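As written, the chain order gives the labels A, B, C, D and E, with residue 1 at the start of each chain.
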Amino acid sequence: MSAFLEVKNLSVVFPTEDGRVQAVDSLSFSVEKGKTLGIVGESGSGKSVTSLSILGLQKGTRAEVTGEIWVDGTEIVSANEDEVRKLRGKSMAMIFQDALAALHPYYTVGHQIAEAYLVHNKVSKKQALARAVEMLDRVGIPEPHKRINDYPHQFSGGMRQRAMIAMALSCNPSLLIADEPTTALDVTVQAQILELLRDLQKEFGTAIILITHDLGVVAETADDILLMYAGKQIEYGTVRDVLQIPQHPYAWGLLTSIPRLTGDPNLPLTAIQGTPPSLISVPSGCAFNPRCNYVDQVGTLCASSVPDLLPIAQGQSHYVRCHMNPALRESIFTTQVRPHL
Amino acid sequence: MIGAPIQGRSPARMAWDRIKKDRTAKISAITVAFIFLLALASPIFTWILHTTPDQFHPETLDPSFGTNPVGKLGGISAQHWFGVEPRTGRDVFLRFAYGARTSLSIALSATALATLIGVLVGLVSGFFGKTVDLVLTRTMEIILAFPSILFALAVTPVLENLLESWGVPTGNATRIPVMIVVLSMFGWPYIARIVRGQVISLREKEFVEAARSIGASRTHLVFKEILPNLWAPILVTVALNIPTMITSEAALTFLGAGVIDPTSDWGAMLLASVPFYSVDPMYTFIPGFGLFILVLAFNLLGDSVRDALDPRSSR
Amino acid sequence: TASAATTFTTPVAPIKGAVKGGTVTILAQGDFEHLDPARNYVGGTLDFYRLFTRSLTQYRTVNGKTDLVPDVAADLGTTKDAGKTWVFKLRTNLKYEDGSKITCADMKYGVMRSYNDDILDGGPTYAKDFIDNPTNYKGPYTEPGKDLPTVICSPKGDSITFKLSVAIPYFPYVTTFGAFSPIPKAKDTKQNYELHPISSGPYKIKSYERGKQLVLVRNNQWDAKTDPLRWNYPDSYVVKMGADQNVIEQSLISDSGAAKTSVSFDTNIITNLSKVLNVAKYKSRLFNFDSAYNRYYAINVDTVKDINVRKAIQCAVDFKSILLAAGGTSAGSYANSTIPKSIKAAYRNFNVCGRDVSKHPEAQLDQAKAFLAKATNPKTTLRLAYRDRGVEPLRAAALEQSLKAAGFTVIMDKYPSSDFYAPAAKRGVPNEPDIIQTSWAFDWAAASGIVYALFDGRSMTADDAKSNQSRGNFPDLQALFAKADVSSTAAQEKLLGDIEQSLIVDKAAHVSVYFETSHYMAGSKVGGLQVDGGYSTLSVLGAYVKK
Amino acid sequence: MLKYTLRRIVSGTLVLGIVSAIVFSIFYILPADPARLACGKSCTPELVQRIQVALELDQPLAVQYGRFIKGIFVGRTYLANTDAARTCSAPCLGYSYQTDLPVRQLLMDRLPATLSIAVGASILWLLIGLSSGIISALRRGTWIDRTSQGFALAAASLQIYFVGLILQFIFVDKLAWLPMPGYSSPFEYPLDWAKQMVLPWVTLAFLLSAIYSRLTRSGMIETMGEDFVRTARAKGLSSRDVNIKHVLRAAMTPIVTVFGLDLGSLLGGAVITEYVFNIPGLGKLATEAVSNLDLPVVTGTVLFAAFFIITANIVVDLLYSVLDPKVRLT
Amino acid sequence: MSQNSKVGNDSGEEIILSVSGLTKHFPGAKTSFFGKHEIVQAVDGVSFDVAAGESLGLVGESGCGKSTTGRLITRLLEPTAGTVVFDGQDISKLNNSELRPIRSDLQMIFQDPYASLNPRHTVGTIVSTPFKINKVVPEGGVKKRVQEILEIVGLNPEHYNRYPHEFSGGQRQRIGIARALALRPKLIVADEPVSALDVSIQAQIINLMKDLQKDFGLTFIFIAHDLAVVRHFAQRVAVMYLGNIVEIADRDTLYSSPKHPYTKALLSAVPEADPDAVGARERIRLTGDVPNPINPPSGCRFRTRCWKAQDICASSAPALLQIGQTQVACHFPE
């Protein structure tokens, strides 16, 4: 079956004074209705750029977008601004990390939610405001009929994020992109928001792309994981697959380096050495090779050629971009990585 | 941008490199330099032209209309490159060159003084806060509430009298210092406000905390930690302030509170040209255009400096 | 001129082409200092006051010719003792705006109240100065019951006699001033009288808002047949006050809106002169005439003691560059003397520094240097006092240049515009000026209106030169003044001419440079304007609105 | 809000008080004697002294200032209990030394001209400045943007008096399309008024619109980079709605403030403009008064101008709180 | 609050820092020029001890007063009330000059690796400033010593003359650590040293700090909002809520059997990167946000979000009492 969102070979390049920034490099994935895809990666790995490309928000900027993005049968990359605009908000919506910055400081929350509803529905302003109250109520804001007249700065951080969600969902979009929706929030509030997202998804059958750098959040919320490094997808599969039998050394590094509530706290964390690369001069070959502990296992290939994204085994939906052969990976994982998890 | 570190370039060095690449900045800098050179070299022209900027040349004027130089375009000739002044026949080119001297030195001194006061007040006010800040910001508020041009006009004769009563001789010897004081008096609050704002935000920065946590004294904090971070905004402010000062100096002179004849000054030349703009437009045009070019060049240069020092602001 | 032979009592002839009706607007920079006749002294406006104020005598200008004529008086006055006692016949059929008669008592009261110049400040003090005051009369406000015995009305009230303290041959000129206007005692409101002076002329005050505007309308009680000098064409005159010099100049030049029917009595076209003089369409509306203003340099004989130094200064004066600074020959005409050529009885065509200045206005530097070399008491550093107003600094700079070229060192001493004449006249003070750049406009067109004021050393005090800025007090000239004091008008004028010549040529204490030319402008719809010889201004007496 | 406004008015009045005290004392230490100026042609020392008494210049500074302040609030009587007594009702700013007219009346007489300039010019510069700034921001980097911004920078570097004279030379002297600038009453001669105001308006607007154009452009561009604009686009709003309702709305706030302050200081007298074009406004009145050392008029005009500036400040702050809900005034 | 016992660790080691009744009230944001200050009760009666060589974790949600506590201890702020006894000396009332000798023993590492380094100074200047200010001349000169320290924190000593902007976040944090280490302090307060860093870098820094603690016998107060991070660093953990300490216990006790409902809720909210654990864990969802410290709830400050709250919670504030291994401030501990 064809997924609600299908991204094929998406690449985004920013020509800048310092050079061409390859922010996203041949990314392919799909999300079905009612499912959640978690995109995980370090800062600057191209997560936000990907999400903006899906919404077509890079049209009219200097970004060079190639590849295909199919949303509900429309191809976004080649579509004109007006066609995409009609999809935005209605078929796909987005919530951003910094809700305070993402809400207009001079308009009331109610107005901003109603505005989103008004663009796509032939209703009166009053009806739109009623919708705003309804949505605020739905996302758990107490006394919504009063709060619609508040300005964003009068909301607390969690409430703002809820308001963003209410705004995004006001037109029942089939796809919701959440770009680090909880990073700025406290754990307790983060938990509330994630739960809200899950509930809403259950109710409306929305497809969700959840962008985060926290594997824990993905584990709790997503169905699939797309792991990005330096603009490329390096591992892609179901949450269970990727978190339990991770294939890429970067994934191993990530999983072993994050402190957990379980396991022996006295053992040192196994950190990933080095720092993420600059996207202007991505290391040749596998972008991760300068930081990879297992380059020796493969030899010069790592530094000279970019590995393909391949299923870990025939017919599997778990993909990885690594030169090591599956058997080698398997053995390293079981002997060296798993004990640290 | 995280990544391969660039070899040991200080922020100032990076700004300088950016400026060097900026063509507008280069052209403006050359223009400014040219006008400076003209101002500095003005005595040489006295020697070349065998006359002084104050020398009357009655023979160059229409005897029945003292306001009309003989000849085209305000009497432009091999002897008088920019023509002559109506009523006196003084050489306009020399007055222009010497005028650049006066205008620039007053504007630059006023900028320097205003910057000095502004930076000091801004630092003190921003860093120490509380009552000191309250008093200083209130003072700024009051100064900014003054209709500055009017007040500058009104206060010039007063200050002049004051200086005279201290035995300073009348004339430009008192007028010029008074102008500098008056111009900087209204100029410093703008600088102080910017510096104060910067200091307040820097004061809360963690690196200042860090210095405090290792026991740094206030002097260290102000001069070693905060001040180095102020150079960029100060430089930008100064760069954008110079043209304002030039304009204000000219305006003040134009309104009659400026340097006194025979000392030449661009604002004074414009003022003197007013009655003749329709009979001898060249006489108005020359100082006006000079002023325009100078201010434009400084403005462009200021923009470039700002862009270079603050890469986020892009044109 | 004060001969009883010509009487000028008949009405003035109508102006050709003039029509009645309409409003003439007068643009004024400021309000009148005072409308009270006793307090008027401002040159340009004196002409205007005649629209509603008659005085004993007045000037009449017709076709460029100006005569002194009897106004409230029926003759130009007679004297039997060479000017010590003056008798004027009075017209007896004149009325105020309220229909009441103008009497000799009113004329006398007008004079008497001018003695109260502590309250009625501002006017000329000639009446008080000249009329004998044996009882030390102080004015009707101070001494209400007291009489001024030296002003006498004939029993029938048809003549008035003035007994003067000294002989004043030119007294009939003095009686043109407002103190010699009729004022009904009952209507005198002291210093508030100026808010509504009772009209005796062809127009009366309809409304007067200080600083804003004054509206004059016809006075029906005025009878043209009794008036030898006034016309009455427009229905009203409106004075609009408070505009600026340049605003007035430019609105007159632009000739739009109300400016079409406008004229100004206090605004000489200065700023825009070169422009309007060059353009034909403006020229037709421009009135150019010699003003009463003479620009001159007083050489301080107290400080510049050596005659040769003074002569050197005279020679060094570059008439040309000075006049160029003021606008060239269109803005003024070179003058050897402060007495204008038009005052024929007194004018002398002498040379200054040996040359006819109108032909050779340039500085005579060689001669100047020669004189300086001859000086036994050479003073080569000169302090030049001038006023910071208009082109005066430039003129001073022009003089500075030629003085320097002649070998002097010059200290430029600029005085504030508002505070010049009195400080420059201080004697024996530190920094006393050596050369004073100043000017004079005569109060009446006679040498007596000039020479007494400027050169009579007898009026000086030890610390104040008054208007005798050159501070000359030469015994030989004193003798001449004494003689002039008691001479007949004609003889006096001649003597005064001699005094001036001597002061300039022999004593080298004065350099007259030029007479300023006035350039007045009027709107295109105003006719009947003419230059008034009495006040050297553009008179609005005959103005009419062109149809 | 009301409390805040009241408090601002009180503190503004205080600032005005300080401004007036400064102006007052500065002129008091001026050696030139105003009485001499008021005295006229036939002046005697006694007369000067009498005028000094009449103008109450013989009193100590504090007394003079006290009476002055009293005059503003409750009116005052000069030389009370004497024959020459005259009453000046509140708000009394004294009488001009030069013309002996009430300063308040002088100010009111000159206000219409200044008002004409300020209002006309500000409408013009807002129109030009905003529209060119908006177009530049929307067409960033295109030749339209570059031309308009280059023009704006050049215009911002020009001097009012220079432009004024040049325009006057072209349009009045050479082409004769316009009459000499000046001031006619808009009620009596509306056409003349407009024609004469054209040059002052255009000159002032020319220079100021340049500043507003730059301000608008940079404000818009800065706002375009804000997250909430991205949100608006993500909602599916048309670019027109995004640019006007979201970008411009946010970018306008600082411009409105600057505009308020500019208008405020202009209302106190467009000094240079009035000077160049010979318009009898407040600025002209002030420059004349300064050169005549007409203390009451100088104090009056400076105070009047300061009043406008301070009022503009208060209005702008109040307006800001309306425009920016984050600003809470108590 | 905790009036009773200095809670040391069981081994009776030397107490290097003892905080009691520490309180900081800030003048809140003034709403207008003349407006009155509101009072922000940022820290309200906090007491705890730290033994030499141990590391105490301080966790809590944003705005609960962690940083303020840290800055009170390092005397960057002056306490409104309470004492801070460091190394046997009450430093809570000392003035700047009296503090100077103590400064070198008490250092701080900051959260933001960008804001905590002066962009106009080179790395060398930054790390050598402590020496210059305290007029310490180490053996072999300042430069040599600085380069040694740089090496210790894993930086290339040749970077001495570089500017902060030439380094990545992780490297900058190392510079900050180097500066804190320069004078060999006894106690370091690390205020969220890793929360601004990328996940892959966090571990590097945590490991580095752990090593340093071991090598130099440092005492740490480690502030964080991430319970998992604290668990990997601190031997003892204090949980803060709205200016109060609600629970202190050694690591294992706290994580395995939290006594305070807030601690419990906090722990259950931490997302775990283990899909199997997701369903298995008990979920406690707190409602709402942390209340405003300007107007904290009466009694127990947590009661507004607590599912166990009774009337008593609104009327009396629970004291921090010892229950087993744990000190907890709750009327109804688990």
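Here are some notes:
Simple rule for what comes next: a contact is a pair of C-beta atoms (placed from the backbone, for glycine too) under 8 Å apart; a residue touches a chain by one contact, two chains touch by 3 or more.
Worth saying up front: this structure is predicted, and the values here are computed from it rather than measured.
Hopping across touching chains, the smallest step count from chain A to chain E is 1. Set against one another, C-D and B-D show the most C-beta pairs in contact at B-D. Using CA-based centroids throughout, the chain positioned farthest away from chain E is C. One simple way to say how far apart two chains are is to compare their mean CA positions; for chain A and chain C this gives 95 Å. Centre-to-centre spacing of chain C and chain E amounts to 93 Å, using the average Cα coordinate of each chain. Computed from the mean C-alpha positions, the centre of chain B lies at a distance of 48 Å from the centre of chain C.
Taking the mean of the C-alpha atoms as each chain's centre, chain D and chain E sit 55 Å apart. Under the contact definition stated at the top, the residues of chain C that touch 2 or more other chains are 275. The multi-chain contact residues of chain E, meaning those touching 2 or more other chains, are 168. Among the residues of chain B, those touching two or more other chains are numbered 2-3, 274, 278. Interface residues of chain E, counted against chain A in their complex, comprise 61-62, 168, 170-171, 198-204, 206-207, 210, 225-229, 231-232, 251, 255, 265-278, 283, 285-290. Residue ranges on chain D touching chain B, taken from their complex, read 15-16, 18-19, 23, 26-27, 29-32, 149, 153-154, 156-159, 161-162, 165-166, 168-169, 173, 218, 265, 268-269, 271-272, 275-276, 283, 286-287, 290-291, 293, 298, 301-302, 305-306, 309-310, 313.
Those residues of chain C lying in contact with chain D across their complex are 30-31, 33, 41-42, 118, 121-125, 191, 210-212, 242-244, 246-247, 250-251, 253-254, 256-258, 275, 416-419, 422.
Listed in rising order, the residues of chain A touching chain E in the complex are 42-43, 156-159, 186-192, 194-195, 213-220, 239-240, 243-244, 253-255, 257-262, 265, 268-273, 275-276.
Those residues of chain B lying in contact with chain C across their complex are 54-56, 58, 61-68, 86-89, 170-171, 260-262, 274-276, 278-279.
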